[in-house]
Each structure stands twice: as C-alpha cells, then as structure tokens.
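Naming follows writing order (A, B and C), and every chain is counted from residue 1.
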Amino acid sequence: MAFADPSDPSDPSGPLALHVDGISVRYGRHPAVENVTLELSQGSAMALIGPNGAGKSTLLRAVLGLVPLAGGSVSVLGHLAAEARPQVAYVPQADALDPQFPVSALQVVLMGRYRRVGWIRRPGRSDREAAVAALGRVGLDDRAGLRFGALSAGQRQRVLLARAIAQGSRLLLLDEPFNGVDATTSNLVVEVLSELRAEGAAVLMSTHDLSVAHLTCGEACLLNRRQVAVGPIDATLTPDLLAAAYGPQAVALAGGATVVTTS
Amino acid sequence: MRGFLLDPFRFGYMQRALIEVVLLGVLAGTCSVYVLLRRSAFASDVLTHTIFPGVVLAFLVGQPLFLGALVFGLLSAVVLSVATRALGADDDVVLGVMLGSFFSVGVVIVSRTTGYANDLTALLFGRVLAVDRAEIVVTAVVTMTVVGTLALLHKELVLRAFDPVGVEALGYRPVLLDLALNVMVALVVVAAVKAVGTVLVIALLITPAAAARMVCQRLGPMFAVSCAVAVVCGWLGLAVSYDVSINHGVRAASGASIVVVLTAAFVLLAALGAAARALAARSSPPVTTPA
Amino acid sequence: MRPLRRLAHAFLVPPALVLPAAIVLATALGCSSGSGADAGDGRLRVVATTTQTADFARVVGGEQVQVYGVLKANVDPHDFEPSPADLDALGRADVIVRNGVGLEEWFDEVIRSAEAEGAVVDASAGVPLRRSGVSDRGAYDPHLWHNPRYAMRMVTNIESAFSAADPPRQAAYRDNGQRYIAALEALDAEVEAQIGSLRNRKLVTNHDAFGYLVERYGLEFVGSIIPTFDTQAELSAQDVSALVARIRDTGVKAVFSESSLPPRTAESIGQEAGVRVVAGDDALYGDTLGPPGSDGATYLEMMRHNVRVIVDGLR
C-alpha cells in the first residue's frame, strides 16, 4: 500500500499531512481546546499527551471535522478537513462499541472500504481482499469470521486499526490505542504503525503511555486545554513540561524519568 | 392440526387477511432488525403515537385515513430526526415530549367531534378481517419500497448503528441515515394500521427481531428468522382467532391475537437460545482466545 | 448491475416464506369458498344485526328461520368489532336484517368483507325519523324501536323480506307478523295509559336514546348525560353545569342510566343535582335488549321494563 503523492513543486516531500493552525473548540461557553498549532509531515508520527479532559479527543474530532471550530483552521494534505475526510482514518477506542452487535471482525474491517464502494453497491472482491490483508497485518486473519464482540479487548482494538488500514488513508488518528490492551497487541500495533509510517502515512495518536509514545512517535504535543509544548518528542516530554501539563499527576523518578499517574 | 391451520382460509375475507399478514410479516420482520440494531424502539413507539393526529385530521376532512397517516408519519420522522440531533443529549426527553404533544393534539381534535368512535377503534386496534384488495395493494407497494430501500442502504445503516462516531468520521451524515430509517418505520406503521392498529404495531416492529436475536449471532440469519417469525405468527394468530371465534364462541381480536402469538414465539426462542447456550457452555470448556 | 441483483435479492421472499403461503392458497383455492354451510335443514338463514331486530326476526320467522344475532345483549352497537363467526354467518345468510339510520356504522365494510350475497333489509324503511337538536354526524335518531308503532313498521319490513326470499312459507310469516303486531298494539295502549297517569314527566337519561318514546307518549326530555345519539361524546364542563342547573330548576325526580353504558357519569351528575339515580338492575335498555333470562330479553319485556322503571322513578 504505497502512498505516492503527485509532485508538489514547492515541497518535494509533498504537502503537510496535517496542519492545525491556532484552533479553538468550545462546547457551549466551555472552552475545550484553546489555540493549538501543530504540523505533521507525511511519514511522521506525533503523540498527543495530556491529562483527562485536556481536550485530546476534542482535538482529534476537530481534525476529523466532527466539531465546529471557534477559531483557527485545519488542513489535511492541503485540503480543508471536511473535504479531506476520505484521506483521514479514525481509530476509536474499542470499548466504545457494543460487543453484542452481530458483526464479524471482517465486516468491521470492510466498513473502512464503504466510501470507496459507494452507496447502494456491495463490497467487491478487491475490497474483501484488502480487508483480509489488513487483518493479516494485525495478526487476526484467522479470526476474520468471529463475531467482533467475541474477541478480546486487544484484538478488537487491532480490528479497528485494520479498518483504518483498509481505508487506505494517509493520515491516521488514533484515540488511546494502547489503553487496556495486552502486550501482544501493544507490540503489534507499534510494529504496524512504524510500517505504515514507512509507507508514507502520518500518525496522530493520543495516549497516556509515555514509553509507548517514545517508541512510536518522533514528535509530541503536550496539551492541557492550552498547548503546553509541541515538537520533537525528547524535547517536549521533559520533566518540567510534563509537570506543567499534568500538575500533581506527574511524578519525577530518580534517574531523570517522569511518570504520569492516572488519577 | 392441519384443519386448524388451513380451514380458516377457505373464505375470501380470511384469504385477504392472510395475504396482508404475510406481506406485513416480511415488511415488519425486515424493518424490525434495523430498529433493534439502532436501538430505536422508543423512537418507533413515538412514531406510532405521532401518526394519530394525522389519522384524525384525515377523518375530519373526509380523506382516506391512510393519507393522513402517511403525511404525519413523514412529518414526524423529519421532526424526530432533526430534533434529537439539534437538541443534543437526552433523546428520551424530546421523544417523550413529542409523543405526549402530538397524541394529545389528536385527542383534543377528536373530542370536538362526535360519531368517530368506530373508525377510531379500528385505527387503534386494527380490523384485519375487513382488509380489501386496494389495501393489500398498498401494503404490497409499501413492502417493496421499504424492503428495497433498506436493502440499498443496508451497509450504511448497519455502520450507523454500530459506530455512531465512526460513521461520521468516514464522511456520512448520521442525521440523514436516521431520517431514512424513521421514514421507513413511519411507512411500516401506516401499512400496518389496518391489520393491527397503531397501538399494537410497535409489537410488529420490535418482537420479530428480538426473537431472532435470541437464536442468531449474525445478521444474515437474523433477517431470515425475523421475517419467518413475523409471517408464521401472523398466520397462526389469524388461525387462532378464527378457531376460538367459530368453535368456541369467543371473540378474540385478530390483530391482538397475532401480537400474543408473536410474544409467545419470542419467549419460546429466548428459552431455546438460552438452552442452546447452556448446552454449548457445558459441552466445550470456555476458550480463552489467546492474544 | 450489481445493485439490481441486490434489489432482486431483497424482493425475493425466501422459499421458507413462500411455501406456507403457497400451501394455504392452494388449499383455499381448491375448496369452494363459503360452501359446506351448516343446517341443510332448509331453514331460511337470517342474520340480524341488533338484538331488537333479531328478536323481531325470530318472532316473524318462527320455526322456519335460523337467526344469528351479530350484536349480543348489552354490547354497545355504536362501537363494534366483527369476528370471524360474524363474517362467516353473513357470508352464508339468505336475508340480512339491519336497523339502519346509521346505528351500525361498521355495517357496510363488514358486508363487503364477508362477500355477503343475501338480501339486505333495512328495518327502518318508511319510518318518519326524528332529527337531533344538537349538530351531529348522521343527524337522524336511530333508536326508532322505542316507539311501538314504529316497531310495527319494522316487523312489517322484515316480514316482507322473508316472504320475498322464501315465497313458499309466505303465509306463515304473514301470520306470525300479524299476531305480533296485535301484541304491539296492546303494548302501545298499555304504555299510553301508564305514562298518561304521570304528573311529572321530566326525563333525564344517559344518552339520547329515548327520543321516540318521548315523542310518542308526551314525556318531557330535559337532557342526557351524553348529548348525542351515539355514545362516544363527552359533556364539557359547561354542559355539565348547565344540565345540573336544568335538573334542579325543572324539578326532575330521577336520572336514568342504561344497561350498556357505565353509570358513573350519571351517578355523579345525579349526586351533584341532588336527585335519585336509577341504575343497576333497573337501568333502562337504551341501545340493546337484555341477555337471555334478564328483564329485557325480548322486545316486549324490554319495553315493559323500561316503562315500569320510568313510571316508578317519576311517580
């Protein structure tokens, strides 16, 4: 799955996968995100770090165009967010979905292809092949026929990642993909994400897990409604900045590392 | 037994009732699966009440009641879809308000007139034995329209029910999909008014899929079982109400008999499903799916 | 092309559904519809809608007819659901007797559905009908049988219909008819005398069912709880106080409730106005006859019961 891009004379590596420019989002009068700016090139990965309620999910939704902006703009691959939706794949948390729903893992992955298939028509052979391949990449091709809810939490998360892969998009947004998953899933997801990056996709991922963030992402954005810091991950996830973002939740360990407790 | 199942249908009016009920079985059986998946049982129930003033108004101006039901059905579907989205949280509140307000407007209008009672009773509880050819044609057209539309929108409707955020992230507009389903439900109510009436049609929209869910884990079988349950129970309900009327002199409203049989089917399938699961759990040890 | 196949798939009712329907229809078409009717005993098959017309039909027909009454005693005829037994009977009937004047609103639809081929006789044909003072849908009063002279007309209509449908037994039908009409004459004279003896003739009933009785015998109708001929309307608060005031002002002695209607409203208005409420076993028979074994099981008994109750109440 190559993400070849038509040449853009101004920038040989192609337009930015994502450019968030000073956006603010408000729910009623309550500000959820204030004045956040970040840039993501194709082939790179950024971690969105912040405590609960910091606005990480809101930011992701703003990139998807699901919430109105109170200020600023978002562009994906040079287009407005709303127009570029097919190019953005969203991987939600698996526990948001009903495990009793009568769909198989394969059917869930196929959902990522629906836009390509279009209205009225059914997914064809190439769509099925793409879905099976995507499941294979996350190590679940032998469980394609099982009911989605019959899988473990980690496996369900992987299915959702496979759905995003099947969509063939160049920007992937992941909402806490490592929450409550087992080690196998964790490792697989890290591996797949780096493969996707190598193929030219960009990844924006919200997470609590600092060590995983270091493993997968080259950049980070520290968020607590306002932007605390953004840039290369080592420069951003410093003890001082983490303390600024997390407050009392950040605990400095001997040896210079900082951990974040979930309150 | 053979006589019980076949005898009633020697007569024209019973044959017509049976055809109507078979058509409705396919119609409601299909639609009810989407209602179940989307968890919009209450919204569908509200629709059955909001159609009531439409029926009353049609009656007052001398138009066919089906037309009044249709207009208000579509109007309600639109208001429902827009209001639940625009007013955000607590769909139940919006729905409850709609149910109460529409229905009471209907009652107020009705209380200002006299002599409506009989037609209204038929509307509330159905009169399947008086179905005529024109009504069968209407039901057939509605069945083809609704089943056809649902088939064409199938994958999007399932996606919408399964992943409300994901469906939007993929670029669809959930409001439109909800509107489509609500319109289909309104059409089912309109078609079923003659057979079971507005009060009982909600049973047709919920029970078949609920029964199927007890024994099916996948969508394909669910549709088949849901339709089969609806059709068979319709047939049995008619046969039962005929038998008790002719052979035992007991009046059992045919529409309500169908609903009673449907409920029995649900209980039966629920028991079967539970038994099957218990047997399966006992015969094979729990499999922990390795990560 | 795939969408078309998808559509075709959707319309194709699975074999499991077609099979039972096919079996049923095949069997149905194989048998002749409505045949194998019972009573090959040569009696005229009559279906009467109301209990009153059923009673008249039995009297006129005697042993020569088999009467199936659709409405049962104490069932409100304005609000009725046909059952398979009713439709079966209608489908097989030679003569169908209806009260007419819009009493059986459901009649036309049911007749059509049953594919009834028997001769339909409107018992009210030729009777001068009274109109309602309140504006109503179908504004003629259908309770014409409360005037025995009109009941005679109904009997005559029924007798003509039987004679036309069953000429060989004409003589018997005419005979029965004449005898019954004589009995109705006697009833008429009796009631006239009894009501004639009343000084206070102010009548308040549950619904406006007794207009023809009032008209024939000179009673004074003050009002009814339900202000119309059918039983589904409700008094507004204004109407209730107006009625209570009228009851007090005009010196009404009693409020009469009816056998086929709940007495609650009558009782509360009676209480409000401080007058006696006649209910329970003494309730009047407004819309129907009483069940077998009751005080109003036949027309003659019913009329005598009503008159006795009214006279006792207003004495």
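Assume a contact is a pair of C-beta atoms (placed from the backbone, for glycine too) under 8 Å apart; a residue touches a chain by one contact, two chains touch by 3 or more.
All values derive from a computational prediction rather than experimental measurement.
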Chain whose Cα centroid lies nearest the overall Cα centroid: B
Relative to subunit B, chain with the most remote C-alpha centre: A
Between subunit B and subunit C, centroid-to-centroid distance (C-alpha), Å: 36
Subunit A and subunit B, separation of their C-alpha mean positions in angstrom: 41
Intercentroid distance (Cα basis), subunit C paired with subunit A, Å: 75
Per-residue overlap in subunit A, given as positions that touch at least 2 other chains: 120, 122
Overlap residues in subunit B, where contacts from two or more other chains coincide: 152
Subunit C: positions in contact with at least two other chains: 3, 6
Complex contact set, residues of subunit C against subunit B: 3, 6-7, 9-11, 13-14, 16-17, 20-21, 23-25, 27-28, 31, 33-34, 78-85, 87-88, 91, 105-106, 109-110, 112-115, 136-138, 228, 230-234
Subunit B-facing residues of subunit A, complex: 64, 66, 85-86, 88, 90, 92, 96-98, 101-104, 108, 111-112, 114-115, 117, 119-120, 122-123, 143, 147, 150-152, 154-155, 167, 182-185
Subunit B residues within the subunit C interface of the complex: 5-6, 8-16, 18-19, 22, 25-26, 111, 113-119, 121-122, 125, 127, 129-132, 144, 147-148, 150-152, 224, 227-228, 231-232, 235, 241-242, 245-246, 249, 251-254
Residues of subunit B defined as touching subunit A within the complex: 37, 152-153, 155-156, 158-159, 161-163, 165-166, 168-171, 213, 216-219, 222, 289, 291
